[in-house]
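Quick one: the structure is below, questions incoming.
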Amino acid sequence: MSKIVLTGAAGALGGRLRAPLARLADTLVSTDLAESLDGLADNETYVKADVGDAAAMMELIEGADMVVHFGAIPDEAPFEEILHSNFLGAYNVWNAAQKHGTRRIIYASSIHAMGMYPKTVQITTDMPHRPDTFYGLSKCFAEDMASMYWDKYGLEAVCLRIYSASGPVQNARALGSWLSYDDLIQLVEKSVTSPITGFAVIYGVSNNDRSPVDNSKASFLGYRPKDNAEDYAAEILAKTPVADPQDKGQMCHGGPFATVPLGVSGVQFIKKMSEGN
Amino acid sequence: MSKIVLTGAAGALGGRLRAPLARLADTLVSTDLAESLDGLADNETYVKADVGDAAAMMELIEGADMVVHFGAIPDEAPFEEILHSNFLGAYNVWNAAQKHGTRRIIYASSIHAMGMYPKTVQITTDMPHRPDTFYGLSKCFAEDMASMYWDKYGLEAVCLRIYSASGPVQNARALGSWLSYDDLIQLVEKSVTSPITGFAVIYGVSNNDRSPVDNSKASFLGYRPKDNAEDYAAEILAKTPVADPQDKGQMCHGGPFATVPLGVSGVQFIKKMSEGN
Amino acid sequence: MSKIVLTGAAGALGGRLRAPLARLADTLVSTDLAESLDGLADNETYVKADVGDAAAMMELIEGADMVVHFGAIPDEAPFEEILHSNFLGAYNVWNAAQKHGTRRIIYASSIHAMGMYPKTVQITTDMPHRPDTFYGLSKCFAEDMASMYWDKYGLEAVCLRIYSASGPVQNARALGSWLSYDDLIQLVEKSVTSPITGFAVIYGVSNNDRSPVDNSKASFLGYRPKDNAEDYAAEILAKTPVADPQDKGQMCHGGPFATVPLGVSGVQFIKKMSEGN
Amino acid sequence: MSKIVLTGAAGALGGRLRAPLARLADTLVSTDLAESLDGLADNETYVKADVGDAAAMMELIEGADMVVHFGAIPDEAPFEEILHSNFLGAYNVWNAAQKHGTRRIIYASSIHAMGMYPKTVQITTDMPHRPDTFYGLSKCFAEDMASMYWDKYGLEAVCLRIYSASGPVQNARALGSWLSYDDLIQLVEKSVTSPITGFAVIYGVSNNDRSPVDNSKASFLGYRPKDNAEDYAAEILAKTPVADPQDKGQMCHGGPFATVPLGVSGVQFIKKMSEGN
Amino acid sequence: MSKIVLTGAAGALGGRLRAPLARLADTLVSTDLAESLDGLADNETYVKADVGDAAAMMELIEGADMVVHFGAIPDEAPFEEILHSNFLGAYNVWNAAQKHGTRRIIYASSIHAMGMYPKTVQITTDMPHRPDTFYGLSKCFAEDMASMYWDKYGLEAVCLRIYSASGPVQNARALGSWLSYDDLIQLVEKSVTSPITGFAVIYGVSNNDRSPVDNSKASFLGYRPKDNAEDYAAEILAKTPVADPQDKGQMCHGGPFATVPLGVSGVQFIKKMSEGN
Amino acid sequence: MSKIVLTGAAGALGGRLRAPLARLADTLVSTDLAESLDGLADNETYVKADVGDAAAMMELIEGADMVVHFGAIPDEAPFEEILHSNFLGAYNVWNAAQKHGTRRIIYASSIHAMGMYPKTVQITTDMPHRPDTFYGLSKCFAEDMASMYWDKYGLEAVCLRIYSASGPVQNARALGSWLSYDDLIQLVEKSVTSPITGFAVIYGVSNNDRSPVDNSKASFLGYRPKDNAEDYAAEILAKTPVADPQDKGQMCHGGPFATVPLGVSGVQFIKKMSEGN
């Protein structure tokens, strides 16, 4: 592969993808809002750019075989902010990729596109959306757009519905929803190296005993996670207060995002909750 | 009912809804981009406003029991135009309705949210989106947002996936997809008067022999169309050229919208096609 | 057909079935708790008996080709009462029918076996039970028992999930759920005269525009209702107060039965509600 | 349309299609094993030929826009006979149609492709095959072949799973399964005149109250039958003996074909059964 | 957790749960019909009581956070006996739990709620019931009741459809259906410690190669069995006589329970079968 | 077991089954078109015969408990050749087996019965056929015939939809579709030794990370493959050219068979493709 563009390269997840992606292409072009990035690989270039800037994206993506699009606000925020970075950002990427003949986009979608389903409903990759926040709604938008560009122009896309990507497992919800960094990297690698993907959706969850999602319809991608949050179960359950099944924040896949008012940070809420445990 | 707000009141469809809606509420507030409207009902007020103007929508919707939201660009157009009128317009309406405690929104969604499904696949009201244009993508967005506001705030919504609303049946595609104006009015009336709707999706299609949609899961709304495009079948089929099943514009539900490049008017294309027949 | 046994013959529904059933067999044996019945048909015999009395049922059903089992408490009641009349009554009937080689049982099941599903979910004849009351739970029991006697002994059964059987349509809920007496009679007649039924489940609902059920999988029974509650819609909706979609009694198929505490009469509640309208 | 070829033109069903098809094309070429046909339309030519004769089919189909393929043994028979007329016949037709660029084949498939499903299971157009005879197996073969030629070469096909096509309704089974001749003609006409069909399957059943099939997924074809076997119900049920639900011939969609040994005429069996009633 | 009540504590399965449950709560109250139990844990109390005794259950369950309800006749028996211990017993437990505000019930349901499905049909956790015995019918009853108490009162329940719980694998059927005691214990522990369960159904089967059930929709519970009956396969298959696929006792999930007449012990039958091998 | 007949015993797959099958029966009768076979087991007899020869098959199968039917042209070929060896061959085997009271047939079906489904659609064991070649069509035929003989005569069948059975993994497609020889042997052994199978369909695929099939509904057979093509992934992907998702040969399950014209060898095509890589 000649060139991969990675957006969101300075982020908590994007940053971990730089080295693996650099190994998969002749050139990796990393981009984000930061001034610069440390530790560039030999074949890696960094360009400061805003995904919400159409011209910048059009320029960056020229000649790219694939785009790994992780650049966006990674939290619930007021609609206007989400609109710029997450809606427009995604549009700019797909529009540029189509114009330039890019073959595939790997997209950091999110569980929050499906966050209002109760956890007692196992969610598959072909059920209708049920977002929990403006953040989740922007993921629905990009997935539907990805489906359209595939149907109309043959531009492939793999939408990764990332659940709880983090280092150590942080709370009871994550016993089911955790995605280890290693498994995230595997997921992105498989999405890049699969010969054919068409338009595909897959959940980004580790091999957790309590995983509440069904990836079977995307089995052809060959994603087989290795880590298991159950290693943390005894310790975490011991300090978890009694849950209230009538509370959407506890009953729904979206977790706290299913409870916070629209426009209000869910990440802050989760942080408090984890500290509180 | 005290007050209904109708957006898009000067449009081809919205205009036909003014009189019926005026009969269902104490006050009807009609709005659109036009300077004024002719033939206001006694209890109807007209306010010129842009649905893309958040403050205007917030003011208009105050005190409304229901909003019938038909105001948007009714055709494919460049993304930026769709973004303003169709995406932002819908967001402004839902946001204002939630803030003001409005009970229900009746929304002019469209078949183009599902336009890339082949016609040989009968589409239901609970299959994933498959939009064919930026126009269709904006309908997906509003439907997902409607689902979210219902899940989080209990704001009801009926999303009408309007197919080919027109006067006389105009081409072979419309033999299946036609929605007569009378049936459109019935559909909106039932959506307004149903005691309970939650979040509902329903196709706006007449009682055509060749109807390619399945509304059974929304049967509780009681929509029972009366008109049937088959009355026009012999005449129209006689002048229809041989179809090409490999052409998405003829094979897909979205019709010409499934073929036109993104951002290019599909209505113009249909017009030519009908004249050409 | 030689002999039909009708239980619940003195009830509001059972009483209406006496004449039609008398026309379908050489002998009709009617039974209920009443001392006697007026207007016996020439080939009709009345026997006072309690369906909860095993010996009485064993005696009555001897020689019967079919049993039309409508005898039970037709309302929510304390568990012990439901246990005797509805659970034990059904068991006594199936047990006797199997011992005597009866060919088929037509059973008055009820929508309340499915009452906790939201109305916005169209219910089919092969979804899992979701009862709303002890009354509904007894219907689940009899349906499962009917399935078992068919699987193990070849004893046929048609379970009629009767919705709102009444004279005139009484409230907004019944615009969807009404079953006219004529349609009830047709339903029972078809269940009796169908050459083959195996184990079948079918909803007892008229041809209402707003019917929220799907009988398609029992289409072979040929039940095609004639009446339509929509004739009453304008009048009833005009006097219906605003509904609260968060209230299970308004949102669920079971209606008030979905709200009343277990063991408390739902019929009284409906009565008040209708009068209140 | 320039040219239609009709095979089986001398048969009980094919014969009824000649006049309607002659009206839909410039030229109708009818073919069968008979020496000649009476009453040729002005634009109709008759050619004696065996569908099992590859060269004959190749010659006949040259220049045809559509083939209406009804030529086959219309009954169960020894495998070798079915192989020649029904398997090879169908292959010859598809092979020739593909070679000559024919646009669409309308195929007389049969309920016997699905005959072993119990009648209490409503059969749809997208369930797996479950044939009851070699005759039914040949229909499965042709349907699968039709799917393949569509997938590989874009050759359209409408497979009509004809149930009980006959004049008056003849027995209790036909109360559900009857297909009147008028409805058969409508079905073929719609299959010919639909602008697009792709690969489609549809049951050939009239608008019977007791119809045990679900054609909803082929609704786009616009087939809306007019006749209803229920007009004959009272008379026929009165003389129908008690059915045995353990007998596959009575319980299964295929009727007597589900009981007769493979290779033995089911039509004879039905005849006896109808006379016996 | 403060207090767990375990019914059926003297039984073959209940007895194995005492020690694990004692570790999960401050207090374990064990109950059964036996006079006393050996080996009480330090925090375990034993109370002799009949689950069919409403007052006794009401008293025992007061203050309980959870009830693990295993007390019932573990075999087919005459209806009257099943009615008392299994139907009434379950009702008494749910009624008391609801009155006392208990949070969750873990219920020993059984495969026999689904026993009449053929083994060649993989059974899921959301298919309709198909019981094989009065015993199985009582499990259907309790599951439906559990669903109702969850829907109406928010009382959680996990229904364990235990298949063949035993020590060593005993016959060919158990190669698919075996549940080792260790896996049973894991299943109950997970059901107790899961923060949220709502109303859930899950099969109690080990990690057998031949497992004929699908637990995927309950994956959020995190039950991951460790044992595998395949270790016994060679030995058992060698002594298994030829099976008859027309025999429901061999073809159906319920095994011998699918064949024994209603009311007759299936356990005795299985015993003979295993010895006979 | 007394006697097993193996057809296709000289073939690439059949040859590997001889020793394992010889261990499972008193007598193994191997047959193929070759003059003789090397290395006969002590209890193995070889008979030269053509599966297309009805009399030969009738004689061979007499007294057989099971037939393992692998004899057929293992590639696309002109229809007439496929007709003789694959269609007639299968018919001869089923017909003889039924006449002689054989209990079960293990059949080498193929992925090519489903080859036209896109790889991005996970295929299950109960979806309709979608063959890609005459070869695949013959597999559809035999599967439907197998279903019929089970429904009508109780003759069991396990249809193995073998995907890419080979030694080392040969190309990128096989990373998902590979079936190792050891796993093939396990699959056949489990099919033979399972006490009950009825009519079953199962995919022959190893435990590949990228397996694109779903065998869950045949889980009762206990097939648990051990090998994983992922061991070859890095090496193979490194030399795989960029795939074209619009090419059916790359996008569909059937691989090159989905692209080659009907009647033209797909195996040659695959060979070239693998060498080309």
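The chains carry the letters A, B, C, D, E and F, assigned in the order they are written, with residues numbered from 1 in each.
As a convention for this text, a residue touches a chain if its C-beta (ideal position, glycine included) is under 8 Å from a C-beta of that chain, and two chains touch if they have at least 3 such contacts.
Chain labels with UniProt names: A, B, C, D, E, F = NAD(P)-dependent oxidoreductase.
These numbers were taken from a predicted model, which means no experiment stands behind them.
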Same vs different contact residues, chain C with chain D, by half of numbers used: different
Matching chain pair for B-D (criterion: over half of the contact pairs shared, by residue number), options C-D, D-F or C-E: C-D
Averaged-CA centre spacing for the pair chain E and chain D, given as whole angstrom: 51
Cα-centroid distance, chain A relative to chain E, in whole angstrom: 40
Per-residue overlap in chain A, given as positions that touch at least 2 other chains: none
Arrangement of touching chains [line / ring / star / complete / other]: other
Complete list of chain pairs which touch one another: A-B, A-E, A-F, B-C, B-D, C-D, C-E, D-F, E-F
Residues of chain C defined as touching chain D within the complex: 103, 154, 156, 193-200, 216-224
Chain E contact footprint on chain A (complex, rising order): 118-122, 172, 175-176, 208-212, 214, 230, 233, 237, 240, 242-243, 245-246, 250-251
Touching residues on chain A, where the partner in the complex is chain B: 79, 83, 87-88, 91, 95, 116, 126-133, 136-137, 140-141, 144-145, 147-148, 151-152, 248, 258, 262
